[in-house]
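When the chains are written out, they are named A, B, C and D in that same order, and each has its own residue count from 1.
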Amino acid sequence: MLAAHLLVGALLFALGLVGFVTRRNLIIIFLCTEMMFQGIILNLVAFGRYPLEGPPTFDGQVFSLFLIAVAAAEAALGLALVVLLYRHRGTLDAGAWTTLRDE
Amino acid sequence: MTAATSILPAGLYATLPLWPLFGALLVGLWIALRVKPERAHWPVVLGVLVSAALAVTLFFDLQRQYAAAPETHAGGFVYSVYNWISLGQPASLEHNQWLAVNFYFDGLTGVMLLFVTVVSLMVVLYAVGYMRDHHGHPERGYERFFAFLGVFVFSMITLVLAGNFVLLYLGWELVGLCSYLLIGFYYGKPAAAAAAKKAFIVNRIGDFGFALGIFSLYWFLRPYVQPGENPLDYAVVFKYAQHLATAQIGGMSQATLVSLLLFCGAIGKSAQFPLHVWLPDAMEGPTPVSALIHAATMVTAGVYMVARCTPIFGLSPLALDVVLAVGMVGAVLTATMAMAQYDLKRILAYSTISQLAFMFVGLGCGVPDSAVFHVFTHAWFKALLFLGAGSVMHAMGGIIDARKFSGLRHVLPQTYAVMWVGCLALAGFPLLAGFWSKDEIVHAAFERHAAVGIIMLATAGLTAYYTFRMFFLCFHGPLRLPAEAGEHPHESTTMIRPLWVLAGGAVLAGYLGVSFGGPASESFLAIFRPHGLIHDFLHHSTIGHPEHGHGGLWLLYLSAGVALAGIALAWLRYGAAPVADPDARALGGLWRLWHAKYFVDEVYDALFVRPLRALGRLFFNTDNYGVDGVIWLVTAVPRGLGFALHYLQRGALQAYALSMVIGLVAILVLWSWWT
Amino acid sequence: MQDPVVFRVERILRSPWLIFGAGAVLAGALALALWLLFPLYKGLLADPFWFPILVMAIMLNLILSSTAICILAERKIAGFTQDRFGPNRVGFWGLLQPLADGLKFLLKEDIIPTQVDKPLFLLAPAMALIISLSGFAVIPWAGEVRWPWAPDTLVSTQVASLDIGVLYVLAVASLGVYGVVLAGYASNNKYAFYGGVRAAAQMISYELPLGLGLLCLLLTSGSLRLEEVVRQQAQSGMWYVFLHPLPFLLILVSSFAEANRVPFDLAEAEQELVGGFHTEYSSMKFALFFLAEYAHMITGSAVLVALFCGGWAPLPFSSWLADSTAWWALLIKLGAYLAKVAVCIGLFMLVRWTIPRFRFDQLMRIAWLSLVPVGIALVAGTATLTVLGLQRTWWACLGLNLVALLGMLWTAARSGRTVTGRQDDLPDIHVEPA
Amino acid sequence: MPILLILMLVLGAVGLFLALPGGRADLSRLGLLVLAIGAALLVAGLTQQLAGEPGQALFAGCSLVALLAALRVVTHRKPVYSALYFVLLVVAVSILLVRMQAEFVFGALLIVYAGAILVTYLFVIMLAQQARPAPYDTRSREPLWGCLAGFVLLTQVAAYVYRRPASEQAAVLPRVGGDAILNVATPLLTHYVVGLEIVGVLLLAALVGAIAIARRPAATADEGED
C-alpha cells in the first residue's frame, strides 16, 4: 500500500538526512544526498502506482527519471569538486572547508 | 516586356547577387574548417566570375530586347523572388500589401551591373596578388578579406537590382557595413579603426535622411495605392509620383521633401560636400578596397539612387537645384583640395569626390543618362588608377607619399604604362573614356547656364592638372626610392594583369556612349556623335528620357583643349618631379588652405565632436557620481547589516544543513499542531 | 627419464577410443536415466511454470561447462596462432585438459593474505561470476516452442521475458565492473589497486559506446524486448548487422572492453601490473574470476548475436523457421544460436592472440575520441532515419553507416595522427621526491 | 499502530545515535543490533498493510535490505563499504520499483546509479584512499541533534501518512497493462517533453562544468596542509 512505501521512502530520506548532517566525509555526505534521492524516487513511483484517486499514473515514474538525471548531474559536478578539493588539501573532511575563499 | 524572350531564364538572372555570397559563405566555412588560406580566394573569385558572366549576358540580353521593341519604354522586367514583409493589417491578410524581394532589370540596372561585376572581378583578381607579402604568402586575414569582398559584391548587386526602396535600403546599409568592415580591415591600426568608424558614422547621418525619405514616401503614397500594390515598389512609386508634385507639405511640395531627404542619403554614400570627410580617411583600407568601394562601386550608389529616382526628382525643380549646387560646390572644392595633397590615394580619393560631384551636376542639370554614363566610364579608369596606386604602394613597401619617391617609370614600367592610360582618361584626354562622358556633363551644364558650364570646364581643367601633377611626381624625374621599398622594387604579374583589362576599359568604355557616323567633312571629332548606345539603352529605363540635344563640336574641342592645357601646365611645373613643390610657393596661403582641406574636419570637430563629447562627459559624471552615489547609499544599509550579521556564519557546511533541518522540522511540528 | 607407469597411464589417456568411448557411455547413461526417470518428471514438464527454470538449469550448466571447453579452445587457438600444438598431453588432442585444469584449481592452496579487506576479498570473485551470469536471463535461446507435453501453450525458451530486456542487459553489464574493482581494492596491493582503478575507468568509458550502439539498434527495432528483436530479424531475414555494421562494430569493441579481454585487458596487464586485480587471488577464487571472464564473453556474444546476428534464425536473408514452433525447429534454432555464439567467441579468441594490448591512454582515446563521437553521429543519423520512416530500409541505413565511416576516415586523415595518439601526446610525468 | 511505530522510531533513533561513528565500539555494535531489530519489526508491520497484494515477501525482503543497507551507509566507518552498501540499497530499491511495475525506472536506476554513479564514487574513494582510517571517518558531527531532527521529522511524516483513515486508502490495484516502456515513454515524450529537454541541457551543463572543474591544473596541490 501507499503508506508502507511512503514510510520506507521517508525512512531512507531521514537516514540520508541524518547522515548528511552527521558524517564528516565529503563523499559520504554526497552518498547521503543520493540516498535521499532514493527515498524520493521510491515515493514518487509509489504515488503513481497507488494514487489517492483514479487509475495508476506514470507521472511519478517520469519524475523519478528526471530525478535520476539530476542526480547524475549532481554526482558528476559534486565528485569533480570533491576531487578538486582533495587535491587542494589532501583531506575529505567537510570541516576543512569553512571559507569559500581560495587561499 | 516578359522574360520569355531573354537568353537566360529570368530566375537565373535573379541569382546574380547570390554567387558572391555563396563564395563568401564558403570562405567562412573554409575558415571554420581551417583550409589552407592560400586558396581561400577561389570561392569568391568564382562567385564574382559567375555574377560577371551573368551581368554581361544580362546587359546584351536587355539591349537586344530593347532593340527588338524600341517603342516600349516600360523597361526590362521584374522578377519577384518571394514575399518578404507584410505591410497590411494582420486581420486583412487576403488583400494585403506585401513587400516583395523583387529584382528590377532594366537599362540602368544593366549598365550598373556591367561595370560593378566586371570591375569587382578585376579587383578581386588583383587582390589575390595584392594581399600577399613579397614571398607570396597571404597576409593575416586573407580569407576574411575575400569573404568581406564577396559579401560586398553581393550587397552592391542587391542594391542595384532592388525593385523596391526597402530592399534598396537593405543593400544600401549592407554596402555601408561592408565598407566599414573593409576600411577597418587592419583593425589593429588605430588610424584604420578610426577611419572605419568615421565612415560608418558619417554614412549613418546621410542614411538617416535617406530612411526618413523612404518613410515619407511611404506615408505620402499610401493614400493613392490600390490594394495589392506595394507603396514602396519602384513601379508603384513612379506610377503615382505625379501626385507628389501637387501636394504641399511645410511650404514645399511633397516631391521636394522626399527628394531632398533621399538626396541626404546620396550625399552620405557618395561622399558629397558636407559629408565628404569620410572618403579620404577611408584610404586606410587595403587598396583593392579603395578601388572597389571608394571609386568604382559603392560611392556610385548615391548617383545610381538619384538617377533611379529621377521621376521623383524631376518633379521638383528646387531639389534639382540643390543637387546641382551641391555637385558644383563639391566638384570645385575637392578638386582644389586634390591639388595640394601628396598622398597618392588621397589625391585619387578627392578626385573621386570631384568626379562624383560632376555626376551630381549632371543629375542636377536633368541629364541622368549622362551622369550614369560618367559613372560607367569613371568606374573603369578610377579603379585602374587606384589599383595602379596600389601597385606603386606594394612596390614601395607601403609608402604612398609622393614626396618620398619619384622616377618610378624605371622600376615599374607596366604600372607606368597603365597609369598613363588611367590619368589620360581621368584628365579627359580626347577619345578616351573620360573625355566623352565628362564632355556631356559639361555640355548639359552649359545648357543650364553659362556660369555653371564655365565652372565645370574649369574644374575639368583642374582635374587634368592635379592628375598629372600626381603622375609626374611619381613616375618622372630622377629615380628616388624610400628605404621601405627594399632592394629591388618590382611589380607583381598577378596584379598587373587585371590592370591591363581595366586599361582596356578606360580606353574603350566611352565608346558605348558615342555613336559613329555623321558628316566627316566637318572635322575629325565629328565622326563621333555623343549619345550612343548607352543613352538609347538608358532611355528605356525608369530614368525616363530627358530632352537634350547633343553637344556642339565647339565644346568637344574646348574641353579637349582645357584638358591638354591642364596636362601641359602640369608637365611644365612638375615634369621633372621637383622635390620642392612649386605650387606651394606660388600659391602661398591659398595652397595651405587647400592642403588643410579647407579645415572641414576641424570645423566639424569644433562644431559637433567636442560639444558632444562634453555632453557625454556630463552624463557620465551625473551617472557615475549622482545616480551611482544614491545607489551606493542604498547598498550601504544591507552592507552594514551584513557586517553585523556575518558573525553568525561559521562556514561549516553541515552546521548550516543541521540548522536548516531543525528549522524544517520545527515548521513541520508547528504546522501539524496548527491543523 | 620418465616413470614407466606414468607413461603408460598417459598413453591410455591419450587414446581417442577411451575419450570418445567414455563420452558415448556417459551420453548413453544420461539418455537412459532420462528415459527411465521420465514418469517422475512428466508432471513437471506438463506445467509451463517449470519451463523457464528448466531452461535456466540447462543453459547454466551448458555455459559453465562450456567455459571449460572455451579454455581449451583458447589454448588451442593460441597454439594455432603461434604455430605450435597447444595442449595435447592430457587426453586425446588435449581433450581432458579442462578437467586437469579444474582439478589443479581445486587442489591449489587457497591463500588469503593477512592485510586484505577480507569480506570484500571474498565477495569480489563471487560477485564477478554472479553478475556475468545474470545476463543470461533475458536471452531468447530458441524462440517460442509448442511444448509436446502441454500442446495448448506456447512457451518461450527464455528465463525471463522482460519489457526492458536490452536495458536489463545494459544494467547487468554496468554492474560487471564491481567484481574487478572490489578485487582490486580489497587486495591491499598496489598493482591490484591500479588494476581496479583502471577497470573502473575503462568500464565507465566503454559503457557509452555500448549504449550508443544499442540505441541505434533500438531505434531500428522499436522494441527493447530481445525476443522481439530476434523475431523481427528472423521474419525479415535482414539481420541487423547488415543494416548497422558500424553499431555492430561499436558494440563488439565495447564488449571486448567490458569483458576485459585483450586488447583491452589493462586491468590485468601482466607486464605492467603483475596480475592486475587478481594478483593476490589463488586457487578456486582465481578460477572464479577466470570463469567469470569466460561467462562474460559468452553472455556478451549471446547478446550480440541476438541483437545483430538474428539470434536463433538459422539463415540470413530468409525467414525459414521464423514462425515454426515445432520441437525439432527448436533444436535447429538452438543449434544455430549456439553456433553463432561459438563463431563469436572464436573471434574473441583470435583477436586476443593477434592484437597487442593498448596503452591506457590509447584505450581512453579510442573510447572518447573515436567511438563516442561516431556513436553519437550514428544515433543522430538513425534517429533522423526513424523520423523519416526509413529505419529498416537497407540503403538508408547502409548509407548512413557509409557516411559515418567516411566522416570518421576523413577526420582521421585530416588530423593526420592516429586516433590512439602517440607517445608525444602523453603529459609529462613529474615524479615528486618522496 | 502509530504508538508501535513511534516506539520503533525511538528505538531506531537511539540505535542510530549509538551506531554512528565516534562512540564506543561495543555500544556501536549494540546500536546496530537495536537498529536491525527495529527495522525488522517495522518492515514486518508495514508488510501487514500490504495484505492481499502479491509480492509481500518481496516487499518485506527488499525494504528490509534497503533499510539495513541505508543504515550501514550512514554508520559504516569505511567509505568503500558505505558505497557498496549503497549499491545494495540501489538494488533493493530498484527491485521494490519492479514490484510496483516501474521496470523502466528499475533499469534506469540500476544503470545510472549502480552502473555509473556509484562506480564513480568508488573511483573517487579509491583515489582519496587513506592508509589508516581517516579521523573524519571515525567521528561524527552532532550525532545527537542529527538523530533527534531525523526522528522528529519521521514522526511528523508518519503521523501525516497515518492520519488518513485506512478505509480511504485505495484498494488493491490490478496489474497495469501495456508495455512498461511505452507507459513511461508516452508521458515523458509528450507531456513532459520540455522538461526532458531541460534535463538534457542540465546534463550537458553538468558535463561541461565537471570537465571544466576537473581540467583545472593541480598546480595548487602542494599547498595541501598535511
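We take it that contacts are C-beta pairs under 8 Å (C-beta built on N, C-alpha and C of every residue); 3 or more make two chains touch, one makes a residue touch a chain.
Everything numeric here is computed off the predicted structure, so don't read it as measured data.
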item: Both-way neighbours, i.e. chains that touch chain C and touch chain B; value: D
item: Intercentroid distance (Cα basis), chain C paired with chain A, Å; value: 35
item: Chain centre separation in whole Å, for chain B relative to chain A (CA means); value: 66
item: Chain B-chain D separation of Cα centroids, rounded to whole Å; value: 72
item: Whole-Å gap separating chain A and chain D, where each centre is the average of the chain's CA atoms; value: 8
item: Junction residues of chain D, two or more chains touched; value: 104, 108, 116, 120, 127, 141-142, 145-146, 149-150, 153
item: Chain C, residues touching no fewer than two other chains; value: none
item: Junction residues of chain B, two or more chains touched; value: 654, 658, 661
item: Pairwise chain contacts, counting only pairs that touch as defined; value: A-B, A-D, B-D, C-D
item: Of chain A, residues touching chain D in the complex; value: 1-8, 10-12, 14-19, 21-25, 27-28, 30-32, 34-35, 38, 41-42, 45-46, 48-53, 56-59, 61-62, 64-66, 68-77, 79-84, 86-95
item: Chain B contact footprint on chain D (complex, rising order); value: 141-142, 145-146, 149-150, 152-153, 156, 159-160
item: Chain C - residues contacting chain D, complex; value: 117, 120, 162-164, 167-168, 170-171, 173-175, 177-178, 181-182, 185, 193, 196-197, 200-201, 203-204, 207, 224
item: Chain B residues touching chain D - in the complex, by the definition given at the top; value: 654, 658, 661-662, 664-665, 668-669, 672
item: Partner chain B, residues of chain A touching it in the complex; value: 17, 20-22, 24, 29, 94-95, 97-100
